[in-house]
Amino acid sequence: MVKRILAIIMLLIVGFWMANALSGVPFGEDKMLVGKYYLENVKEQTGAVNAVTAVVVNYRGFDTLGEVTVLFIASTGVGALLWRKKKERTAKSEGSVVLRTGSKILLPFIMLFGAYIFIHGHLTPGGGFPGGATIATAFLMLYLAFKDYEIEHKVFEPIEGLAGVGYVTVGLIGLAIGSYFLFDWIWQTWGWGHENIGRLLSAGFIPIIYTLIGIKVGTELTGIVDNMVREEVKDND
Amino acid sequence: MIGINIYLLIIAIATLLSMYRVFRGPTTVDRLVAVDIMTTITTGLMVLFALYYKRAIFLDVALVYAILAFLGVIAFARYLEGGI
Amino acid sequence: MISLYYFGAISLILIGMYAVLVKRNLLKMLVGLSIMETGVNLLLISIGYVSNRTAPILSEGATPQNTVDPIPQALVLTAIVIGVATTALALTVVINLYSKYKTLDVEEIRRLRG
Amino acid sequence: MNCIVCIEYIIVAVMVLSAIFAVEWGDLLAAVVGMTAVSLFASVLFFFLQAPDVAMTEAAIGAAMSAAVFIFAIKRTQRYESEEEGAGWWLRW
Amino acid sequence: MGEASKISRYLYTVIVLFVIWIFLTSSLDIQELEIGLVFSLVVGALTYSVFTESGLANFHPKRIIYGIAYIPYFLWAMLMANLDVAYRVLHPKRPINPGIVECETVLTNDVGKLVLANSITLTPGTITLDVRDGKYYIHWIDVKDASIEGASENITKPFEKFLKVIFP
Amino acid sequence: MSITSTVGEFLVLFGTIFYFLSTLGLIRMPDVYNRMQTATKSATLGSLGVIVGVGIWAIGHVGSYSWVTKTIIIAVFLLLTNPISAHALIRAAYKSGIPLWEGSVVDKYKEALEREEGEQ
């Protein structure tokens, strides 16, 4: 009981301190510093309509590469920590006919919808991260509905690697053509899509990179689910 | 845009009522049912707010909710019946 | 008087911190961490909000003069996905601990180790 | 009366309450249900704060993925928290 | 009915996905259509083997006419169901009499079973609890007849006369 | 005030009333099965009304037809997914051993399960 009271007192002090600090940051007022520059130049410099996407992929593409790496390391860590010699699904019962048929029918729609989200990243909200999560959710649905479903590891792992390699390759082509890593060569050097801002095929390499990020996030989250759902089986004989 | 206040008021009361079941519900399944209903109500709320802001881009968020929210419920349900 | 959104975000952070400090069950601590992460994301987004402006997507009548700050949103967008991956990593550590010690209690694990 | 402000207040209150219950429930499955509810309301708040990208990501991750990962962990460990009072680890140092 | 050929199943999947894509983007811009066709082809190639079993035969005109006729019938039944629910909820004495009954069906197709189960769940006072070997176990809020024949007469028969034609 | 706006607003009002009824049922019914009965149906019809209503309302209010197709897609997916989740939940409730309400009259599912046990 003592520890609860002590913890609550300490948390109240921390909360008071945070509230005090935040009272100097007024809510709902314009305090943009660099955001204003991005918003005013986003259409000319990148061709994207969605400013958030332009910041994530174009202005700060290198950070995003780092974040994708963190995701990759986390996924690999899950695989390494749960590695056993023989792993299998240990589900006892299958879903009912309604659930199984429903997941069969919904699977293409969820995958198409994930593709819609990441290809329209520069026009509507979304992009590679939610699109990849949607695709991973489609595979999660199969794991939940069927007793012995497993992804094909031989297909998934190369796709995951190729998506990451593709991201770096796009950046290196930028380094070769322009002057820095992840230079937007399609938009700035070749000048494709300047006349149709707001239509689908515009915004330089943003759709390409978001497609690669979507595939990578999707395969990695699927890998995490796959590693967590399979358990070690002991040989009894 | 005459009656949007009335609609929002009804939706707010509905959210509070279902929240009562989440807090009170004797079993986990009761809580899950209430959260499921709340998700459905939230989809409607998001569509209504998209109209209020007059921007079609907000509809995509409601679309994600409509498709994905049921999978969380199914995960809980499959655990409860001993399935996964 | 702090605003409503700051109040919500700070409450979530404090509740999560309470769970991490007081609870002894490892999974409950991770639930607390997850709640704390949501609170931090909410705090960042609400700092970037500007009243009576619209989303930073420059179509359907939005101009650079009437949109909110895009930078916190770009930050939080990636943080959420990273968050679930790191939570999964922590959960695998918990699973391994359980298969070794057969308990989730932090104190019990400390006693058994020593 | 402006009901948009009113519904913001209700959603923040309900979100904080479900966070408290998620921390205090002894059944870990119910705690994960509470966490899903927190994520749901946080997503609505992101929506009100004009951040549709973040709301969509939170919906895609928090609605299904996060809950599913926690459920797999609960399935491989144990469901109920053993609630015994005693001095905390940080008092015994 | 046996499985259709691979090409027919693939084409059916691609057509359905492309229609859904047009509805999603809600524009007829040529670039959207091109990219939509590419994605439909890719996603169709990945998923056609689980999506459908009968392929292009689903576009038989008789089935489509019955399917269109089913929609208003179903919406009307759903509206009636909800007025019934409203009566039960608002009545001060809560007039409910619940129980689990057993029904039988003549449908053999899996998709037909899914649509029947969903229709039952959304219409008067019934939720499908389980489906095993062609038998439906249904939670009924107001049990009128507990025998198999009586329950089937009340619950599954009205939908079956449509679904039997749509999903043979 | 055009005709589409009026129709849309009426549909939205209709839908929100059903939302309210569904949550009222969630509170008033005695056990989890009956709660699910009232809640799922009314919430599905309510969101159908709200979503399609907003799509029709937007024709007059925003002046764009692209809202209708998107809202119809959302409504179709809700109609497909909501009954599936309700079915999975009620099956989980039965299999995890929650008893029926004491006023229930018949339980054929238990009989069928027992018959199966006896045969084995």
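Order as written gives the chain letters A, B, C, D, E and F; numbering starts at 1 within each chain.
Here is the rule we use: contacts are C-beta pairs under 8 Å (C-beta built on N, C-alpha and C of every residue); 3 or more make two chains touch, one makes a residue touch a chain.
Everything numeric here is computed off the predicted structure, so don't read it as measured data.
Minimum number of contact steps separating chain A from chain C: 1.
Counting C-beta pairs in contact across A-D and across E-F gives the higher total for E-F.
In terms of the distance between Cα centroids, chain C is separated most widely from E.
The chain with its CA mean position farthest from that of chain D is E. The distance from the centre of chain A to the centre of chain B, with each centre set as the mean of the Cα atoms, comes to 24 Å. Once the centre of each chain is set as its mean CA position, chain C and chain F turn out to be 31 Å apart.
Note: centroid distance chain B to chain D, computed from Cα atoms, is 14 Å.
Of all residues in chain E, those touching 2 or more other chains are 20, 24, 117-118, 128, 130, 132, listed in ascending order.
Multi-chain contact residues of chain D, defined as those touching 2 or more other chains: 32, 34, 52-53, 55-57, 59-61, 64-65, 68-69, 72-74, 76, 88, 90.
Looking at chain B, residues 6, 11, 15, 32, 54, 56-58, 60-61, 63-64, 67-68, 71, 74-76, 78, 80-82, 84 sit in touch with two or more other chains. Interfaces, counted as pairs of touching chains, are A-B, A-C, A-D, A-E, A-F, B-C, B-D, B-F, C-D, E-F.
Across the complex, chain A meets chain B through its residues 91-95, 99, 106, 109-110, 113, 117, 124-126, 130, 134, 137, 140-141, 143-145, 229. Residues of chain D that touch chain B in their complex: 1-4, 6-7, 10-11, 14, 17-18, 21, 27, 29-30, 32-34, 36-37, 40, 43-44, 47-48, 52, 55-56, 59-60, 63-64, 67-68, 71-72, 74-75.
Residue ranges of chain A in contact with chain D, taken from their complex: 1-3, 7, 50, 52-53, 117, 125-127, 129-130, 133-134, 136-137, 140, 144, 221, 224-225, 228-229, 231. By the touch criterion given at the top, residues 13, 16-17, 20-21, 24-25, 29, 31-32, 35, 39-40, 42-44, 46-48, 50-51, 110-111, 113-114, 117-118, 128, 130-132 of chain E touch chain A in their complex. Every residue of chain D that touches chain C in the complex is listed here, in rising order: 8-9, 12, 15-16, 19-20, 22-23, 28, 31-32, 34-35, 38-39, 42, 45-46, 49-54, 57-58, 61-62, 65-66, 69-70, 72-74, 76-78, 81-82, 86, 88-90.
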